[in-house]
Structures are given as structure tokens and as C-alpha cells.
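Chain IDs A, B, C and D follow the sequence of writing; residue 1 opens each chain.
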Amino acid sequence: MVASSSPSLSVELNGLKLKNPIIAASGTFGYGLEYAPLGDLGKLGGIVTKGLSMWEEKGNPPPRICETPAGMLNSIGLDNIGIENFITEKLPQLIRYDTAFIVNIWGRETDDYIKAAERLDEAKGIAALEVNISCPNIKKGGITFGTDPSVTFKLVQAVRKRTALPLLVKLTPNVTDIILIARSAEDAGANALSLINTLLGMEIDVSTRRPSLANITGGLSGPAIRPVALQMVYQTAKKVNIPLVGVGGISSVADVIKFMLAGASAVQIGTANFFDPTICWRLVDELEEYLRNDNISDVNQLVGAMREE
Amino acid sequence: MGFQLLEKKIYHLSLSVQKQKSVAPGYWVLSLQSPQISSAAAPGQFVLLKIDKNFDPLLPRAMSIHSIIRADNYRIGFTILYKVVGKGTRLLSEKRSGESLAVLGPLGTGFKLSHIASGYEPIIVGGGIGIAPLLFLAQELMERSYTPTVFLGANSQEELLALDEFESLGFTPKVSTEDGSKGVKGMVTDLLGSYLEDSKGLQAEIFACGPAPMLEKAASLAKSYKLNSQLSLEQRMACGLGACLGCVVKIKNKNSGHSYQRVCTEGPVFNGEDIIW
Amino acid sequence: MVASSSPSLSVELNGLKLKNPIIAASGTFGYGLEYAPLGDLGKLGGIVTKGLSMWEEKGNPPPRICETPAGMLNSIGLDNIGIENFITEKLPQLIRYDTAFIVNIWGRETDDYIKAAERLDEAKGIAALEVNISCPNIKKGGITFGTDPSVTFKLVQAVRKRTALPLLVKLTPNVTDIILIARSAEDAGANALSLINTLLGMEIDVSTRRPSLANITGGLSGPAIRPVALQMVYQTAKKVNIPLVGVGGISSVADVIKFMLAGASAVQIGTANFFDPTICWRLVDELEEYLRNDNISDVNQLVGAMREE
Amino acid sequence: MGFQLLEKKIYHLSLSVQKQKSVAPGYWVLSLQSPQISSAAAPGQFVLLKIDKNFDPLLPRAMSIHSIIRADNYRIGFTILYKVVGKGTRLLSEKRSGESLAVLGPLGTGFKLSHIASGYEPIIVGGGIGIAPLLFLAQELMERSYTPTVFLGANSQEELLALDEFESLGFTPKVSTEDGSKGVKGMVTDLLGSYLEDSKGLQAEIFACGPAPMLEKAASLAKSYKLNSQLSLEQRMACGLGACLGCVVKIKNKNSGHSYQRVCTEGPVFNGEDIIW
């Protein structure tokens, strides 16, 4: 009973079509071009850019990263070239790759998000926006947007009005009840939700008695947080009606499948790009192979298919 | 110009260890076979090594290319010279011939050599494990028919790395050790200082790698003698490709203020006068 | 400049005196006796019992645990022998060890906690109570107590009134703002705070498509969560005036020192007992050795001594 | 009675690998020297092995004591027989002589033998890797002058573990393989069933270890023939000491209902009739 044709890998996130569910996560794949020497970007389901703002942002002083058990901390501080530079310098190079470019945006005020959405709405070659309401590395804005349901609602609604692009809203795990935030984003018109961003964390260098990051605290990512992300995807999938994109510690095709079984329609690969820089490409192949071996004709059959009885 | 990045040859390969040799207590030279990486590599560039397949340690480790291994004039591999300082390097030192490592490289912008004119004297200054990338640089300069003056410093004779290799290339490095067990007792930058003082007006450029205080001193010496300096810096890394923005250092802007530049992309080699210490 | 006398290891948690800051964490050291074959319990700073309730509790069906990257999930479900059995069967054996026995208590209703506190107040040989308002593995009560500041306040206040024993309150990390909860517990009369309990997490077995735990979700512990715990200790220490006990992923003397530098007055060792069963004893020695080598005469000098400038 | 636990001898030792031998594709026997653990161990007990010093894998792995190594009649060490099934066992199989492991043991309550009277026939039933603890049991029974009847089953001849060892102890195991490559084709419990049917009224007790369906079948056979059965179970473990309550299985209560009992403490060996499958 071998499947006669290739399994279908394409997924649709409520208005955003992807050729496969493997997306490179924001902040871990640069603007895409950084990884171009390693493979054909056009093979990937999608690429989310580093978080962009209306202005050029310097970011936090170094050291900005530090390794932790099965994870890492970062306090990049949303260092980015600004949306204008992105549109003029990066986008023209990106559009020759047949993949979905998703622009991750952030701001300090609602207005920053609105302007970003308006500006990007005009640009050609962008598949969707990912609204980052969850970065733990900026002191003002950012994190607060994603921890209060009504603030989330208002922000997403405001952005929704300014762009016809599909909106992914990226949620923070640093909340008591992620479902409240997820529902607010859904009600405000998000097409899909990406979860999770990094967990707040910190590390100290005992020999110097100083924090390992100049910014003192940072965001924890990598395999260490995978169980937290998987749990949040699972819980949220049961309570919202829009597709979810699972992010957090994914580093193998088994992990991809776990997130889909828990209810994610697609996944993002973050920290794993650092310790396994060709992983995104390999996952596309391995996912296809898995489906073929298990005689699954369509990857969407995995979504939410965990057995609970 | 925008397409420059795409033309870069960067390989992600599983390479098996050819040789692992202890060169001093806590210092090792590891040989890896890879025609691709060695052919694409330039002095000052580095590789990222994923030391273990598992999640501990998670991130890859940056190591400069120490020398190129040739066979019949083809580049077939390269070596790294490293010091055991923590978990990753300790595990690395336990790898034996036949075991494999995932290697990403060559990475970064190495030493700029194209502008070196024949009147210039390249001065190589290495301190401690900072000597690692400088052997490859010396080789390359020789191939381009320059004869660099080489300064090497270390804590003790034992830790004077690659001295033999420099000598067998025909160099006579000027040597200092902090304990005086070999060469002049003191810092290598003291040696450099006297040399520059003795040869005032020299048309030269300084190429240095070593601990931060040494580099800062080298930069300030270069400035005093109105020489250009190229210094190889270190910073914790994740991607090595310019994507994560984790590895930045503070660099002076042309006009005023500063920006953060990536050690893995704009660096690891920076102009001494641009660095904000 | 070698210290002439041994460094002082003893710490005082606002009414609870410990001979050293190394405490075995609740649920990972049984009732203490389980680890007695491996070393002298009297050498440890303290031992926290498995979470006890007024009744015998069966707990959750197996499988109850599962390994994750640098961590583990558990859904023991607060399986315990009940306070009455503890007092009659365990306590008489425990009292011959000269260490601080801290009884971890939980309930489904406030009244369960009150009864537990009253009953244990009468028993001899108990050094303190640890009020667990944070277990993610019971469906009712437990977790909800620790996620709402006013509920926390009322519960801790009620318990406070029934016992003269020092009260540690154990906080959950699964909240938006742990400081709010910490302050509520402080205001209600807690002597000290233990943070953190486990993070909510889950794992799926791809080959069976089933959750790895029978209870589906569980609590994540171990080195993976250490950066999260350290960050919470650091943030909370700045905002409350009672001592903190750091818990979460500690597995080396360097980790102990990190938590103390971040502001903890003592630490608890949990998951590390499983993969390194004699660690608690070794940490006592290694901490003393560290202080001696660094010429620190009193371990309390480490508390909050991280350099920030 | 309450002090029983305290009298238990449990050691936490760093032991170096004496020998590592592949006994079939994917199956290994590892020898560890430890007079303490081997002297304290009883059949059916197990050890926890921390396979790597780092955090991946994090938890120790449970392995039954397969046999006792003796020198001049002293117990000086023990072996474990294991199957590579995942990350931990794969890493374990890569350990070579001289490398060390942290070992906790002996752990658990093994097979109860004190009540075995001379009229009784001990029947040993092992399936697949479940054969591991049964060699030690057979040795012990022999030392106590009982002659167990031994049934061994596996997928194929290749995976019939420890057959030679049983034979060299003087046993003639009754053998079945699922593919028929050795002994009777079929399940070992089929063999057991026919044996019990042929020897009705036998005073016997069944000691079994193997996959859950095999054990369940053994328990039900025992019940049909009114025999006692002792079955060794598996469950994921963390502490191995009874502290974490992670390793429970469902056991019938004396009167009604069930309780959860710890495989690492009350078990791994349980009475077949008490287990709720």
C-alpha cells in the first residue's frame, strides 16, 4: 500500500498559503539572505524576518547571548535595519526566491505597529506580517502588549485595519493564561497565531559575579523550552479557531510532528538553525519521507491528531 | 554589491577527525580534511564546530583556521589550534581520529591584504591562543612575497604556540614570555613598542590576535606610530552567519557615535582604530 | 590570607534557622528516609517532604514521568501518604536526624490547608511548613491558588493564623508577574518564599501519537528551567523584604552560588537528586570549599551580591 | 520494620567499564567491577546507570543485574545485558573499557525465594531482553539447590540471549522463537502452557520477565493452574529509590480497588495476580 503520488505538504494558514509547514523563525534566520549560501531558500515553507521597526535600532550592548542547558539566552534588543532599509535593500533580493516572506514587526507604541503595517502593505513580495507582541528584550512596549488581553486586542485590531496582508500574532509564554491572549488576538482579526516567543531567563557568571548578558535578563530558547511550547500549542489549539504556528525548541522531524499532532498547522525553527544550520531544508525532506513511509497523503492530517482516549 | 553574500562559499559538512595532537598542556591541534573549506578559506577566517551531536553543549564553537593542509599543492584540509577552557573545548579534545564533527565554514571577514603594497612591512603580533590564526596569515603573506615581522608572546615557553611552525616557515619570531622562560620577559606589546620606537617612520601594518588588553595596547601603539592595525576579536556566537546578531562588538561610526558590528560577518578582523574598548 | 576559621554556612530564613543553605526539594527526596542509605541526612540544611494533604492521595495514573532536553516532566499528581500517616510513621524516624524537616502541604480548598497547618502545628520535630500553591498536576485548587494575588493572600493569611511554624510559600512560575504573587504572600505573613515550582509542559510520543504522560500535561523541572528560575529569584528579590529560597535546575555548586548572588538566602535541589543522588551532601562540602578558597567568612555575604554596575 | 529501608545497602559509585561485548546485533553485555554492589545484590534487583556526565541524556537508565562476576568465590562485580533501544542505550554501547559510569544500586525488591520449599519446581520464563535478570536468578536457585525449569523465547535464534550461559550452568532451556529459527516456533508462553498442561498438579512457581503481553499471559497461565507467579515489570524511572513516585504501576488492593506501587521499591518483581494490566 505505497502511496502512488507524493504526499501533499502544503498548508494554508487562514489566508497564507505555504508550500510546506517548515518556516524559519524570526531573529534566527536574519533577513533570509544570511542562510542563502547553505541552500535554496525557495524550498522552505516560509521565512520570518528579524523583528523590524519603523526606525533603525541599535539593540542592546554585548554580550547578547549565552548558552544554557539545552538552550540559550538572548538579549539582542531587536537590533534591526529598519523597515525602510529592509524594503529597499533586502526585499529586491528576496523576491527571487519562491517562498513566503513573513515580516516580523514590533514597536514601542501602537502607532509604531500601525505605521509598520501601512508601510509594508504597500511593498511587493511580502506574504504576511507577524506581529511581535512578545519580545522580552525591550524595556518598554513589546512584552506588555502581549500580556494583557485588552491591550492585545486593541493593538491587533489597529494593525488589522491598516493592512490586507495576513496577520500572524506572536504570543509570549510569560503569562498566566495564554488562551486569554490568544482569543483576544483571534477576536481582533489575527489570521493565525505563532507561539511561543522566548521565556524570560537569566544567567550569572560566578567567576565575575556579573550577569552573563549585559542586559541582565534575556529570552530563553532552544530544546529546553520545547515542552513548554508544546503544552501551550496544545492548550491553545483547543480554544481558538484560527491556525497555530508552533515555535519553541523544534530540532527534529519528530518535533515537527509533535507540534502538528498537538494542533499546529505549521512550525517555525529558531535556535536549531544555530546548532544545525541546514536543518530547515532537511526537515522538509524528512517530513515528506515520514508522510510517505506512514502512508499519509496530506500533511494536514497530522494537525491535532494526537490520540487522547 | 548586494549579491556579495550569496556568492560567499560556506559549507556545512560532517568532517571526520584526521588527527588530534596535544601541543602543550591544555593546547591541541586538530586536523580536518576538507578540500572545500580549505580552498575557500582566507587568513583570519574561522569555522564553527558542533562538538557533540546532542544538546550539551548546544551551540557550536568558533575556531580560527590555523593552517592549511596541502597535498601536491592542493588544499585538502585545515587545522585548528585550540586551548581547553570549558566544556566544549574539553569534549573537543577527547575526539579521536575517525570521530566526526559538523563544521560550518569558512566564516567571517579575515585580514584585508589586498591593499598591502610592497613598501609595507606586515607586523604579526600574537598573544597566547591568539597565535592560532596568525600562522595561516604568515603563510599567505609569504606566498604573496611579503616577509612579515613576527612577534609572539605567552605566559611561558610551554605556551608559546606554533613557534616551531613559524620557524620552519623561515621566520625568526621575536618572542616574549611573562615568566621569562623564553625570549624577553614581559608582554609581547612591550616588545612591539620597542620595535616600533626603534624603527620610527616604518611603513607597516599591524596584524594582531590575542587577549583584549593586548589588542587594545596594540591598537594604541599603532595609533601612536600612525600605523594601521587589523585586530581579530572574539565574541560569543550562535549562528556564525550574521543572522542572530548575537556576536556584536561596539564600533565607532564614521562621523560620530557607534554601531554594533558582527564579529562573525564584518569581523572577526576589525580596524584597530574603529574598535570601542 | 587564608581564613583562620571555617566559613559560616548557617542561614536564617526569617525565623527558620538552617545549618547550611542546601535543602532537598519537595517531591524529589521522598520523606527523606528514601535517601538515608546514601548519606547522613543530618548534614543537610533541610529536607522538604513530598507534598502532603489531609488525606491519602493515590495520584495520577502512569506513565507519570518523561525525560525532555536537559529536563523532565512529571505528573505525579501529589500521590502522598497523608499527614496522619506521615506523623505516625515517618516523623518518629526522622527526628533523630539533626536537620530541618519542612513539610510541604497542599489542598483542594483553603480549608484543607488550614487543617493541615493545624495538625502539623501540634506535631513535634517539624521545622517549618512549605505551602504549595503552585502544583500544576492537580486539576482543581493548587495551581489556581498561586496565580491570583488575592487568592494567594487569603490562603496564606488563613494558614498563617493556624500555626506558629515558619511558613515558606512556594510559588509557581506560570504567571505573568510573579512579583504580585510574591508580595501577596509576603503581606499575608509568609516568612520566606520558595521559587520556583515546575513550568507547565508536555511531550508527545510520535510513534504512538499519544501524550508521553497519562495526565497529558505535567511539570517541567531540571537544568532546562534554571535560567527561568534564576530570573524570577532575581526579580523577586528586588521587590520583597523576606528571604527567598531558590529552586529550579540547580545541579552544581556554581548554580547554588548563582542563586545566592541573585538574591536567594538558601536553595533547594530537586531533579538533580535523580541524576546525581549524592549531590546534596556534596554541595554542602563544595560550598564550604568555595567560601574557604574565596576567603568568604560567611555564606550570607553571597546573598544578592551580583555585580550590576 | 520501619527501619528496614535504612538497613538497605545502596551504593552510589563511579565504576569503570571492565568489558563491553556485543552478544547479538544490538545486544551488549557490560561488565562492571564492584564488590559492594555485587555482594549486596539479589536476583531481580537492578542498578541505575548515569550514562553521560552531561545533561543529555539527563536521567539514569535502569538495568537488571544479569550475572555476578566472582573471583576466588568472592563477588567482585556484575554484568548487565542490554538492548539498544534509544539514545541512552546507544551511548552506553559506545562506552569502552576504562570509561566510567555513575552507578546506583542494588535497587528494588527482587524475586522472593525464601518461601520456596523443596517440593516446589521453580519455572523461569524469559522473553527477549527480559532474559537479562533471569540468569542471576537461575544461579541463585542452583546455589540453593533448586533446579529450575527454564523457558526462553525470542524473535529469532540470534536474539536468544544468554542461552549458552544457561547451558553452561547445566540447564537445558526449553526454547521458542517466533520465526522458528531455533526451538519451537511460536511464543514462549505457548511452550509454558503445554508444559503446565502436561504436568498438571505440579507444585511450582513461575518467575518471569519479558514484554508486557508475555507477562500478562504468564500470569493468566499461572492463575489457571493455580500457581504463584512473580513477574518483573518495567516503568520509566527517575530516582530509583522510592522518592519521586514516578515509576508506579497499578496493583490490586487486598480487599478492593487499586493502589499505585513503585517498580523501583515494591518492585520490580510483583505477584502476577496482583497486577492490573
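Quick notes on this structure:
The rule we apply is simple: a contact is a pair of C-beta atoms (placed from the backbone, for glycine too) under 8 Å apart; a residue touches a chain by one contact, two chains touch by 3 or more.
Remember, it's a predicted structure, so these values are computed and weren't measured experimentally.
The chains in contact with chain B and with chain C alike are A, D.
Distances between chain centres, each the mean of the C-alpha atoms, put D farthest from chain B.
Chain A and chain D have Cα centroids separated by 47 Å. With centres taken as mean Cα positions, chain D sits 56 Å from chain B. Between chain C and chain D the centroid-to-centroid distance comes to 35 Å (mean Cα coordinates, whole Å). Multi-chain contact residues of chain B, defined as those touching 2 or more other chains: 55-57. Along chain A, residues 69-71, 222-223 each make contact with two or more other chains. Judged by the touch criterion defined above, the protein chains are all mutually in contact, each touching every other. Put simply, chain A touches chain C in their complex at residues 68-71, 73, 147, 174-177, 199-204, 206, 208-211, 216-217, 220, 222-228, 230-232, 234-235, 249, 254, 257-258, 261-262, 305-308. Chain C meets chain D in the complex at residues 27-30, 33-38, 50, 58-59, 61-67, 69-72, 74, 76, 79, 89, 92-93, 222-224, 251, 271, 273-278.
Considering their complex, residues 55-56 of chain D touch chain A. Residues 2-3, 5-6, 8-10, 12, 50, 55-60, 102, 104, 235-250, 259-260 of chain B are the ones that touch chain A when the two sit in their complex.
Contact residues of chain D toward chain B in the complex are 54-57, 87.
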